[in-house]
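Below are structures written as structure tokens.
Below, chain A partners chain B and then partners chain C, in two separate complexes.
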Partner chain A sequence: MADIDITSQTMDGMGPHGTKVGLLRVLGPAHVWALGVGIVLVGEYMGWNFAVGKGGAYAALIACWFAGILYTCVAMIDSEVTSTVAAAGGQYTQAKHIVGPLMAFNVGLYLVFAYTMLEAANAITAGYLISVVAGMTGYAGELDQRPFIILVIMFLAWLNYRGVLATLTFNLVITAIAFLAILVLFLSTSGILGGGIMQHTALFEGHEMPYGWIGVLAAMHFGLWYYLGIEGTTQAAEEVRSPARALPFGTLAGIMTLLIAATLTWYVCSGVLPWEFLGDGVNGSVAPLFDTARLSGSNGLIWLLGFGTLFATLASANGCINDASRAWFAMGRDKYLPGWFGAVHPRYRTPYRSIIFLVPIALIFALGAPLDQVITFSILSGLLEYTFMPLNIIMFRRKWPLNSIKRGYEHPFHPLPAVTLLALCALTFFAVFLGYGTQLVAMIGFYIVVSLWFHFWRYRFVNRGAQFTMPWPKPQGY
Partner chain B sequence: MAHYEPPKQGKASQLFDVIVLVILTVGALFVPLWLGMAGAAKIVAEPVDSPTWESLGQTAAQAAQYEALGYDPASAHDLILARFDYSFSAGALIAMIVVIVLYYVLMLKFSEVEYREVIAEKFGDRR
Partner chain C sequence: METWQILEYVAWGVSALLGLYMVIDWMKVDSSYSEDVLTSSREGELEAMTEEQHR
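What follows is the complex of A and B.
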């Protein structure tokens, strides 16, 4: 299979599936960073604070750092495999080459659901924000958020339909603004620039660990929300100019950015908002950074964080549409799903049918389910995916040891990151079980049923040998 | 291994597959919601009559922040006192562990069977 070139400017790099109308290779490392951070940064603007509700403020901080370790392992493992398996579909394509078709099908669905639910959560938050702004600017009564939720999803889907470069350039700009807004809020409220308003000691008094240590464990559930989606950088693999350089650089720079943003976010919000209010993202603080700005007394900060929240939700939803549609497209192209989805737009060179198909799915969840349930669904899909990653890297190193194929990046200390990741995933499953056990069982039940459907029905439409498109030697042990 | 030629799938069959997937997806989230089994409901175990900031366990600094956010003790009552119930039975925990392990074992086993076919067709007996 030496005829396959994953950096080709004219073919889509997928061997037997390759066509001259492939995805365009136009992205650089900054776009990869923007895709990863753009999807995730909204996690600092909303959702992470449910971790405070599950265990208290200190528990949320501990969860933030442990989740940071989990995602550092994810980024390290992902960078090695992706710099070698550089194709649309990201972890889905990795699973197809390393573990097997059924695992790949499941991973593809994890990706689609994690991102589509995150997109729905973003649209809900954008709708909420617009209703708050309407109230602050004198609108009387309760604003109907639904038209704004629909508008957000439709507009971003249209943007994605039109082309990836414009989409991710748009993301780069609004992500940078949203990140700067967090820095400005921190500098303005912590006492570094002007008077500080932080009251950590006074606000924590008597509520340091409201649930004890089990609350710390439980908080890991929403601790993932600080970073969920950073692994989405791999979805751009077929559209970056230099996969071996841009993907590891963009991903690792992204996780560093998020570790800083997550810690600053916890610091400013928990120092201003009482933990019970902060921890209730449905009836209390839906957008905690924005609420912190409201208590700062500065109109400038209120507007900045209002736009920051809006931009973060838009950037995230935008990236989610991009990633979910690539995963759906890749599965359609391989006939894991009906082949109709595997089409590329002849003019815009985007997976337009997949983009359009996922719009109503996102709308169903955005309009029909509460925020914490949507977030939990997204987190569970992400968690199942992170549990797959250590298995994936261990099998990858066994089947193709370091000297057998060229890797763009080799992560250090193997298998320590894989073992650490597996242990933290087990801990997080328990955290989800505490309070959201029904969703956990419903989700696993869903994946068991669709796995049986795939193995006994759908797989008959799939070419066997043609699924393996990488120019690698035969795996060891086969 | 002999080359496997997959059957061509008709448009109606493709559409049917998509409908099955959509129903399963929507069902996985909404069935627990419709049946009222979606967890995470926080409950107020010990409500307080005629609440004050003191009776809600709030210091002066904490009460000041609630007031700045537009709350009074009555409107903040449920927000402040609602708690998760983290009690669980060993049976439920074991059931969850068994379901998760079963899922991964099932998936890895079926994947391995399918993967061997892929490698056999792709590489044959080549090394």
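What follows is the complex of A and C.
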């Protein structure tokens, strides 16, 4: 095997373990950035503003920054672990190597549910946006949103089916446009270019903290929306040319982009829209950046932010299909799920059966479930996943200390990020419990039931020893 | 018939075509390749190859 060229197009992903058809290693750091930011940026365009409704504009800003700290910890921890455990499945694969099979099974399900629900929510949103466009162009009838919702899911699934390079290059282009749209809106409305329209002082006066500090706490639930999904960069681990370089670079650049985008979004929207209107994402401002553009009076900005909103929605759904299918595929490959799902397309080199299998599930949720419930299930699954991460990194550092295994990136100040992340997760669980206690309890009940099923039935089919094919040294203490 | 009504039908039609494409291709692939080949992917190939090269 000494003459294997690991950059070879024909041999990529095929090697000593007998892989005949593997995922294609074609991605670079920009694709990783596009995957992470692409999934999240829709949260800047819509959704984050519910935090304003919970506690006012300042509460939304505090939530934005605290959630920013939470996700910076997530990005740092993920960068270290995934640049080492560079395999499809992301956090599922991390859990499998570092914690154990039951945790891996649960984390795998968190991932698939979080991304599939988010995909469904994005498709619903895209259908709604198209109906708004129909209304704006003078269509008098009631537009049937269903064909457009289905088209979004089918088109993006088809793109994912055909190959990862085209899928994430598409994401790169539309995500970059959506991010630039936010920058242009900020420059045009803040007074830097031309006249400013910001009215922060007037709008905030007397409404600084309408519900006090409990409002700030409640806002944390939707503060997650500014960044939810950046951890999805890890799912590209088996398809990047250089995991040690591309994953940390793409993920950390992604969280920096989002911190900028989130703060600018809060600034422009809260400076133009009254908090009562901004904070009501159902009957008030559904798409706050677009509403801000409309109030600017510039047709150019209206079109730009209109396309930005649609592109952000499509990029998010596209990234979610990519990530959910990789997690499902990785679980199939290890027989945590039927091994049939662990197949790779011999020509397109994508996990084609997993992509196809998840399409009807996304369609059922997109066409049959209410948007707020779908989003809540997605957030809660994500939150459970973030709670696993600090435990994961602490165990990773103990089992494989810094000099025992080569890492692509070593995150600084360990264990401070892990402890901070755990504390912020606890705070956010309380915030979620305040608003969605029933769903939280129901969802934890669901994961307990499937854990019992896995322990007493499914585990007998798992590829026990054969699932660990990484050339790692034995963990310390074993 | 208004433009948006036509677009609704177009969306239904394109969705059906894309779905059909994926299902037909899936059937063709499954009947052309053995299950051993299709499910032969293992994690850690790049790492293992690098280890082999440095040995």
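For this structure, a couple of remarks:
Note that in this section the second predicted complex is superposed on the first by the 459 of 478 C-alpha atoms of A that agree within 3 Å, B and C clash if a C-alpha of one lies under 4 Å from a C-alpha of the other, contacts with A are read in each partner's own complex, and residues count from 1 in each chain.
The rule is short, and it goes like this: contacts are C-beta pairs under 8 Å (C-beta built on N, C-alpha and C of every residue); 3 or more make two chains touch, one makes a residue touch a chain.
Keep in mind the model is a prediction, meaning the values are calculated, not measured.
With chain A as the common reference, the superposed partners chain B and chain C fit together side by side.
Of the two partner chains placed around the shared chain by superposition, neither chain B nor chain C is touched by A:Met198.
With both structures placed on the common chain, the touch criterion links A:Ala218 to chain B but leaves chain C unconnected.
Of the two partner chains, chain B is the only one that A:Lys474 touches; chain C does not reach it.
Using the contact criterion defined above for the overlaid structures, shared-chain residue A:Thr376 touches chain B, although it does not reach chain C. In the superposition on chain A, A:Met256 contacts neither chain B nor chain C.
The partner of chain A that touches more of its residues, comparing chain B with chain C, is B.
Judged by the touch definition given at the top, the superposed model places A:Trp340 against both chain B and chain C.
In the superposition on chain A, A:Ala157 contacts chain C only, with no contact to chain B.
By the touch criterion defined above, A:Ile394 reaches neither chain B nor chain C.
Here the apex is the CA centre of chain A, and the angle it makes with the centres of chain B and chain C after alignment on chain A is 110°, in steps of 10.
When the two complexes are laid on top of each other via chain A, the two nearest Cα atoms from chain B and chain C are 14 angstrom apart. When both complexes are aligned on chain A by C-alpha atoms, chain A residues 339-340 touch chain B in the first and chain C in the second.
On chain B, the positions that touch chain A within their shared complex are 1, 3-4, 6-7, 9, 11, 14-15, 17-18, 20-22, 24-33, 37-40, 42, 57-59, 61-62, 65-66, 68-69, 71, 76, 78-80, 82-84, 86, 88, 92-93, 95-96, 99-100, 102-104, 106-108, 110-123, 126-127.
Interface of chain A with chain B (complex): residues 53-54, 99-104, 106, 113, 199, 202-203, 205-207, 210-211, 214-215, 218, 272-274, 276-277, 280, 283-284, 291, 294-295, 335, 337-340, 357, 361, 364-365, 368-369, 372-374, 376-377, 387, 391, 429-430, 433-451, 453, 455, 458-465, 467-468, 473-475, 478. Those residues of chain C whose C-beta lies close enough to touch chain A in the complex are 2-5, 8-9, 11-12, 14-15, 18-19, 21-23, 25-26, 29, 33, 35-53, 55. Interface residues of chain A, counted against chain C in their complex, comprise 1-2, 4, 6, 13-23, 25, 86-89, 93, 134, 137, 139, 141, 143-144, 147-148, 150-151, 154-155, 157-158, 161, 238, 243, 330, 333, 339-340, 342-347, 352-353, 355-356, 359, 469-471.
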